[in-house]
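Worksheet: one structure, shown below.
Going in written order, the chains are labelled A, B, C and D, and every chain counts its residues from 1.
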Amino acid sequence: MAGFDKRVFSYEQAMEGIEDGMTIIAGGFGLCGIPENLIAEIKRRRVKDLTVVSNNCGVDGFGLGLLLEDRQIRKIFASYVGENALFEQQMLNDEIEVVLTPQGTLAEKMRAGGAGIPAFYTATGYGTPIGEGKEVREFNGRPHILEEAMTGDFAIVKGWKADRYGNVVYRHTAQNFNPMAATAGRITVVEVEEIVEPGELEPSQIHTPGIYVDRIIQGSFEKRIEKRTVRS
Amino acid sequence: MALTREQMAQRVARELEDGFYVNLGIGIPTLVANYIPDGIDVMLQSENGLLGMGRFPTEDELDPDMINAGKQTVTARPGAAIFSSAESFAMIRGGHVDLTVLGAFEVDQNGNIASWMVPGKLIKGMGGAMDLVAGAENIICTMTHASKHGESKLLESCNLPLTGAGCINRVLTDLAYLEIKDGAFILKERAPGVSVEEIVEKTAGKLIVPAHVPEMTFEESA
Amino acid sequence: MAGFDKRVFSYEQAMEGIEDGMTIIAGGFGLCGIPENLIAEIKRRRVKDLTVVSNNCGVDGFGLGLLLEDRQIRKIFASYVGENALFEQQMLNDEIEVVLTPQGTLAEKMRAGGAGIPAFYTATGYGTPIGEGKEVREFNGRPHILEEAMTGDFAIVKGWKADRYGNVVYRHTAQNFNPMAATAGRITVVEVEEIVEPGELEPSQIHTPGIYVDRIIQGSFEKRIEKRTVRS
Amino acid sequence: MALTREQMAQRVARELEDGFYVNLGIGIPTLVANYIPDGIDVMLQSENGLLGMGRFPTEDELDPDMINAGKQTVTARPGAAIFSSAESFAMIRGGHVDLTVLGAFEVDQNGNIASWMVPGKLIKGMGGAMDLVAGAENIICTMTHASKHGESKLLESCNLPLTGAGCINRVLTDLAYLEIKDGAFILKERAPGVSVEEIVEKTAGKLIVPAHVPEMTFEESA
């Protein structure tokens, strides 16, 4: 790997350095735009006591749900954790700690983490259990709560296309949390459907500039659909 | 008679204005999209990062990378924009969405809403609901007026943990359309055949009843 | 104007409603990507006592520099105000109030204003004159200062292409402050080089979604170069 | 002899590492781009929203929509990315830039830097300098060691209003290359033909002089 060539050629290399107890920030919304092969590699490595920051926790047997099977996740920050029987069971048994976080606050915490903003005020959650214990301050006559940024030891991201330099574009609504996750990892790993040559992506149309990205891997994806809804 | 889910969606749809950006929650709010009045164009925002949600896809159009906040596969209408979750909630939190429609377990006379958590039951999370109620200036709650056992859900003060404080100003229940102002519910319309007395009886919070409370009307075909 | 058609067809319409004493948030960096015709229209209207939020203040006779000629700007928030003799003179004569703001903080204040974040912490400016009088708080062992969001009565923005719905893309580095400015105006006016039909812009490649935009106008642009630098 | 501007740029360029993202300020820092060593690839970040700044354009390539933070017309290299000012400073503030090189009026032994304001003189603004020094973990200041009148600019404590507090760890002057650590300047290298005595004399802040201070070398052709 010389200069800015961030390609790796195995999932083992892609997740090299992940250890027990680390914090993982993951892109994806539901099962859309999730780094499915990077998650599978984390399962394969059997690392434990992970803290995961992700909007959802996959479903039974797919996505982050895979990491529940061997109880690899100790704590998760998420906005919605339904659709997963194993998760419910572990939550009820106190085998997993869940920090429910409003979706927009979660996105902004990741963005702030990557952007060097240690904390910000938001009206979201004021007066609710989410605001308990948090500093309250009035701005423009309205109470807001202080929320702190989040970063991870690893960020795992699913892109559509990337160049060797790690510039990434996302496809449709598979973008979701991925761009913020990409900024917030000490080591950011992006798996994509296609790696193209530098110069092929229009510079002003890049969603995640390569400066945020440490490793790029090309993979193939199942892209499971959670709620298939069609019209005739 | 109490409104059907479809009638509730129809009634909410009358609050839409041409050029509105609207976020529709899961359940009855989603149905509102089916009743957008003629001559009115609204742009649906889905908080996972889509402005300009279109119809459900045909089998041929089906794309796992194209979903809405309810995780259903959808399409984008021409002129749609797609963006990150941070950008999506910047829109929401920044007050750029004109109308938000979402369900609730309880609402109270001070505009508090509880919609995400029933202690003792399994908690699945608030998703984007807390951001939506904190960010929108214009929110309609859709809910049943009372539980199956007849207990009011329009309260003096919410019993359940809140989703947001002092942020709701309009409620559509299966029995009535109400506004919330200055610490009281104001009865604006009643469902066809539902008496003011029934609404009074099933409203635990402070209720202001004007001299005349019109009955909602629905077209037969709807 | 029905539905989402945000086009207007004269600069007079584009700036309708601007009044003395208003706050204007402007995109642009130097003379690159500035809403030059919207600025000219503000000059034509002779509105006064304006507060302007912009990284720079144009040059003598062009860009925001035009608004200095008739002393239309009472106060400006900017990171750099060189390149402008008239500006220097007004500043020395106390005819204009200048609130120097670090460039990244300025960009973040606009973004926060549009995003409903009333305030955020940043290390930028701590221990400097910029930090004086601002709350200091330690995060991660490092002092940060509290900075508040900014919004405007009007935002004036220069785009490249837009559709009727107000979805905008920017060209090259003419993007700069424009996307943040676009989010922070009570009324956001975007002038572009070309208006296209809805559907012509790829949804995931739109820089400014139409929800932020109130008026779109197609214009022609001088695009003056400040420091022409070429190699042979 | 004191280093020329070109030699200063050359010396700074030796601190570049393959794969570095680098922000170069106006003046001598800009010249560093001309001396990138063979076999080393760096990506230049320009804070107006360009990662991967290329060479100056030819007349044919000249484009008013393509400038750098110094407002010069530039090009983008293949693999460049272009983005908003908020995104640009997210990179900078978030510590994603590997090396920042910028000029200074004064630096002190505690790593404070003053570079933007001389009271009584016209103030043009700090531009992105305060964000850059607060955000970067790795900064090289380029400056003259002393004023024309011989007054040191490497001080015990900056006299001028600061650009950033405790953020500078390396300084290249026309006389020496120094590190700042634990409240002192550490003399690492001296300009060719410049004596340690001269550097000691012209450094007002606490200076640690190791037993051996190597002389910088420059190729004749440079």
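The definition used in the following text is that contacts are C-beta pairs under 8 Å (C-beta built on N, C-alpha and C of every residue); 3 or more make two chains touch, one makes a residue touch a chain.
Small disclaimer: the values here were computed from a predicted structure and weren't measured.
Novice: Which chain pair shares more contacting C-beta pairs: C-D, or A-D?
Specialist: C-D
Novice: Between subunit A and subunit B, what distance separates the C-alpha centroids? Give it in angstrom.
Specialist: The computed centroid separation for subunit A versus subunit B comes out at 29 Å.
Novice: Taking the mean of the CA coordinates per chain, how far is subunit A from subunit D in Å?
Specialist: Inter-chain centre distance comes to 35 Å.
Novice: Once you find the CA centre of subunit B and the CA centre of subunit D, what distance in Å lies between them?
Specialist: 56
Novice: What are the residues of subunit B that contact at least two other chains?
Specialist: 50, 76, 82-83, 89, 92-93, 135
Novice: Could you list the positions in subunit A whose residues touch two or more of the other chains?
Specialist: Within subunit A, the residues that touch at least two other chains are 108, 111, 115-117, 122-123, 171-172, 175, 203-204, 207.
Novice: Going by the touch definition at the top, which pairs of chains touch each other?
Specialist: A-B, A-C, A-D, B-C, C-D
Novice: Quick one: which bits of subunit A touch subunit D in the complex? Just the residue numbers, please.
Specialist: Residues 2-4, 111, 113-117, 163-165, 167, 183, 197-199, 203-204, 206, 209-212 of subunit A touch subunit D in their complex.
Novice: Considering the complex alone, what residue numbers of subunit C touch subunit A?
Specialist: Touch list, subunit C to subunit A: 108, 112, 115-123, 137, 139-140, 144, 148, 169-172, 175, 203-205, 207.
Novice: Which subunit D residues qualify as touching subunit C in the complex?
Specialist: 46-50, 55-59, 62-74, 76, 82-86, 88-89, 92-93, 112, 117, 122-131, 134-135, 161-166
Novice: Can you list the subunit A residues touching subunit B in their complex?
Specialist: So the residues of subunit A touching subunit B come out as 29-33, 55, 78-82, 88, 91-92, 100, 102-108, 110-111, 122-130, 160, 171-180, 207, 223-232.
Novice: For the complex, which residues does subunit D have touching subunit A?
Specialist: Subunit D reaches subunit A through residues 18-19, 21, 40-41, 43, 45, 50-52, 76, 78-83, 87, 89-97, 135.
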